[in-house]
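Got some structures for you, see below.
Presented sequentially are two complexes of subunit A, the first with subunit B as partner and the second with subunit C.
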Partner chain A sequence: MRSIDFGGACLAVAALAALPLLNPGEYLLGVLTLGLIYGIWAAGWDFMSGLTGRANFGYGLFIGLGAYFGGFANTLWRTDPWMGLPIGVGVGVIAALLVGLPTLRLRGPYFALAMLAASVVMERLVLILWRYTGGDEGLNDLDPLVESHVAFYYVALAFLVGSAAILLRLSHSRLGLVLRAIRGDEAACQAAGLDVTFYKIGSLMISAAFGGLGGVLYAHFQLQVSPQLFSMQMAMAIITMAYVGGLGSIYGPVVAAIVLTLATELLRPFGAWRLLVYSILLIIALFLARDGLVAPAWQALRRALSRGRDAAPEPLRQARSPGTSA
Partner chain B sequence: MSTILRAEGITRRFGGHLALSDVRFALEEGTVTGVLGPNGAGKTTLFNVLSGFIPATAGTVVFDGQVVTGMRSDRIVNLGLARTFQLPRPFIGMTALENIEVGCLGPRARARARQAPAVQAAALAERVGLAAKSGITVANLSYGDLRRLDIARALASHPRLLLLDEPLAGLGPSETEPLLTLLRQLNAEEGLAILIIEHKLSEFMRLVDRVVALDYGKVIADGTPAEIVRDARVIESYLGGAEEMEAEDA
Partner chain C sequence: MEVIVLGAVTSSVYALLAVGFTLIFGVARIINLAHGAFYAVAGYAAYILINLGGWPVLPAMLAAVLITALFGVAVDRVFVRPLRHSHMAVLMITLAISMAVEQGLTVAFLGEARSLPPLIDGKVSVLGVDVAAQRLLTLLVSVVLIGALWLFIQRSRLGAAILAISQDPEAAEYVGIPAERIFALVMGLSAALAASASVLASPFLSVQPSMGLLPMVKAFCIVIIGGLGSIPGSILAACLLGFTETFVAFHISSTWSEVISVAAVFAMLALRPAGLLGKREAF
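Right, the complex of A and B next:
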């Protein structure tokens, strides 16, 4: 079974890597690059919120902080644009610790509300402190990470693949098992001797690292940083991607992020109507397909594939793992 | 024998309701003690206080020479005081084995383990008789299996005292006997001390060495099963003055 997953992932990455060779044009390549960055965010959001079941409406906080501090590093402190990446990750992780410490030890809506409030407050603060942040105009004239758009596409793809690989690996590790157990029953986790708060804060910090990372990438992609990154709409778009992809699967949200970014950009001629698409998709995902669309579709395909493969040599098949029998 | 747990004047108030009032008793190491009492006597509240799931309004719990009142519940588990719940609380969507493995990931379990958590979990599944079902998701397990699962998960932390809240409730006779055998084995072979709430009286009385009887949040009697069934206050509160319990001669 695992080999099918790996094969599917390789195929998807190969397809994404081959796309620029088809000469899609600068606009479409830009949209795809944006989709890859959204993929990092959707995977990062999913790791904490999908696995532990704690919805995070303020993910924009980590994205915005990452982007702004990456931007400050580049425009104010004149550091190398690549230096912004660890700075953005670090700032995101610290913000997660500061919000998580007081709120994740409590049950109830405190975490969701605090995250939402923190991102809204930051969005306002950026406007109030316009002297330093540029207010509505944001930070401008950032240096690009790499020279060409195609090269940046590959940089974003590499970071997405790396992020998704790390998060997938973690979600199937013991840490992931504990996080899924927390989603199921916190009290039972405590009865198993697990420090639930520690795991929740830790997973939020991991989640935030990828929010900050994507934020810095985004800043150097647009060469500009604006307060909208902190907005609720930003978080809602990512939450929609995670739900449509299938919560807790990591790869589902990544695929959904790319597809939905493409879809909404292609719907741009419809103006404000395109936001309706997000809302409708979220409603569909919530009411009709509670496990999302991407992950269940892949599971079904995987079953069909493994059935097809196992059908022929069935009488001979002894080994349990396909790796040894193949 | 030395004392493993001492309850010193535990009081718990829910608003105007006094759920536990100055409860005092001590448990010896390696013994099986039962908590007896009618519904609403405060038995589950007592378990919740002992295991740190709810704070005591007053009083102290001393476990293994250490005051554990006010301590976080997972820390108490890691001192060696584990519990199960009145209703089994499995992690939905996981297999039986994964459920037990979660229990093997706590600090105490890891410090004492000589094998990987998955191996340990498999051994525990074997111990409670779930080996054949370890790959099944919990949604497809019977009620009795879920009880065993809860116990296996609690055992993963290598407890010295296990609090069992009605482990036999909802089990048929074919499931009851194996579970009782398991509990006796754990007590006899591993020296595990057990504090148990159970309404199936004949099984209860045959299992326990000693009974603490509660009513209206107060300890009304404390003694051997034989003494308890003759205690006038216990008979009045628990049996409402009904005939003698059949377990008397057990």
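Right, the complex of A and C next:
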């Protein structure tokens, strides 16, 4: 079973890696690169919210903080763009700790509300502190991470593959198991002697690290940073990707991010329509496809493939599937 | 003096929003992220009726409140009801609705800010301060509305049913209170309160697609500070926040007043998570 997953992943990565060879043009390659960065965010969001079932409406906070601090480092202190990546990760983790400590030790909706409020107010704060942040204009004239578009595409692909691999690995580890258990029944986890708060804050910090990482990548891809990174619309797009992909599966959101970015890019000239499509997609996913589309599709394909290849006894397959399905 | 009068007006708008938000949480145990959308829908409904429909101001505003209340009931019936079993799904669906409303309004009306005419013109002198009459009216109507809500919940039969559901939904259903209908009613009420805040405040603020977001975030903050589900707590916190923001805007800088609410929330969650008047059972 595992070998099919691995084979599928290799095939997908190989296909993505081969794409630039088809000479798709700078524009399409740029959109694809954006899709890869969204993939990092969707997987990062999914790791915390998909596994523990705690909705995070303020993911933009980590993305924006990562991007702005990476941008400050590059424009003010003229550090190397590559140095921005650890800075972005660090800032994301610290922000997650600061927000998580007061809110995640509580049950109830405090985390969701506080995250939303924090990201909205942070967006305002960026406008208030326009002397340092450039206000609406944001930070401009960042150095590119690598010169050519094709090279950047491969850098983004490498980071996405690395992030997804780490997050998938973690989600199938003991940590991932505990997080899923918290989603199921928080009180029972506590009764079993697990430090629930520790795990929740830890998973938020991991999730935020990838938000910050993606933020810095995005900043050095667009060569500018704007307050929109903090916006609800940004978080909303990522949440939709995670839902369409299939919550808690990590790989589903990644695929959904790439596909949705490509698909909705066609609507770019219409601006608001694009976000309207995301909100309607989310509503549809909530009603019609509770497990998303990508993850169940892959599970079905995998079942079909393994049935064709070897006729494993039925009970054995069933016994294994709960461990691997999300 | 100005701080007191204007602070009271700000507080009253916040209170209207926060009371509706906390009411739906207290009764149906859902966090309604579409609360800001109600605020925006009311503003645009009034705008359409007045500017495109040619209605006089007062009927248009009442109609806008009614339309928003019906919209609230529809949101509850169509979207929230099938997903009520999952907290996260309800959060997501209400957020999706609020985004859809915001983006829908942007598509239909473009992003420009529009304005509503005031119900009454002119200025009134209160405590030696000249205040626009509309602001004063806002304060008065808010106090009356919240008072009426309080009486409705405490004195009427329907109010008793609402209280019963908020205390123990299962027991309430056993004695024959139709929970789903009460939830829809409360959602409508909550939407009507947000709509009233919108039509009262829009003449001196403005009508634009994203108008609901910041007031809604303020409402969250107030509700957390006051204690989730507690109406008196919300009113108290609304006053605290309203006066503090006005004071900071006057004496320090208007830009910084936005940040206070969130700072207060984090301080509150760290020190006393139940809120000023909240019960500890909420978490």
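Please note the rule applied: the second predicted complex is superposed on the first by the 307 of 326 C-alpha atoms of A that agree within 3 Å, B and C clash if a C-alpha of one lies under 4 Å from a C-alpha of the other, contacts with A are read in each partner's own complex, and residues count from 1 in each chain.
As a convention for this text, a residue touches a chain if its C-beta (ideal position, glycine included) is under 8 Å from a C-beta of that chain, and two chains touch if they have at least 3 such contacts.
Keep in mind the model is a prediction, meaning the values are calculated, not measured.
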item: First (subunit B), second (subunit C), both or neither touched by A:A12; value: neither
item: Superposition-derived comparison: subunit B or subunit C, residues of subunit A touched; value: C
item: A:Q233 touches, of subunit B and subunit C: first, second, both or neither?; value: second
item: First, second, both or neither for A:L170, with subunit B first and subunit C second; value: neither
item: First, second, both or neither for A:I4, with subunit B first and subunit C second; value: neither
item: Subunit B versus subunit C as contact partner of A:Y278, first or second or both or neither; value: second
item: Partner chain(s) touched by A:C189 [first = subunit B, second = subunit C, both, neither]; value: first
item: Partner chain(s) touched by A:P109 [first = subunit B, second = subunit C, both, neither]; value: second
item: Subunit B versus subunit C as contact partner of A:A263, first or second or both or neither; value: neither
item: Which of subunit B and subunit C A:L286 touches, first, second, both or neither; value: second
item: On subunit A, positions contacted by subunit B and by subunit C; value: none
item: Parts of subunit A lying in touch with subunit B, wherever the complex brings them together; value: 174, 177-178, 180-181, 184-185, 187-196
item: Complex interface listing, subunit B residues touching subunit A; value: 51, 53, 72-74, 77-78, 82-85, 89-94, 98-99, 101-103, 105-109, 117, 153-154, 156-157
item: Parts of subunit C lying in touch with subunit A, wherever the complex brings them together; value: 25, 31, 33, 79, 82-83, 87-89, 91-93, 95-97, 99-100, 103-104, 106-107, 213-214, 217, 220-221, 223-224, 228, 255-256, 258-259, 261-262, 265-266, 269-270, 273, 282-283
item: Subunit C-facing residues of subunit A, complex; value: 49, 53-55, 57, 101-103, 106-110, 112-114, 116-118, 120-121, 124-125, 128, 232-233, 236, 239, 243, 270-273, 275-276, 278-280, 282-283, 286-287
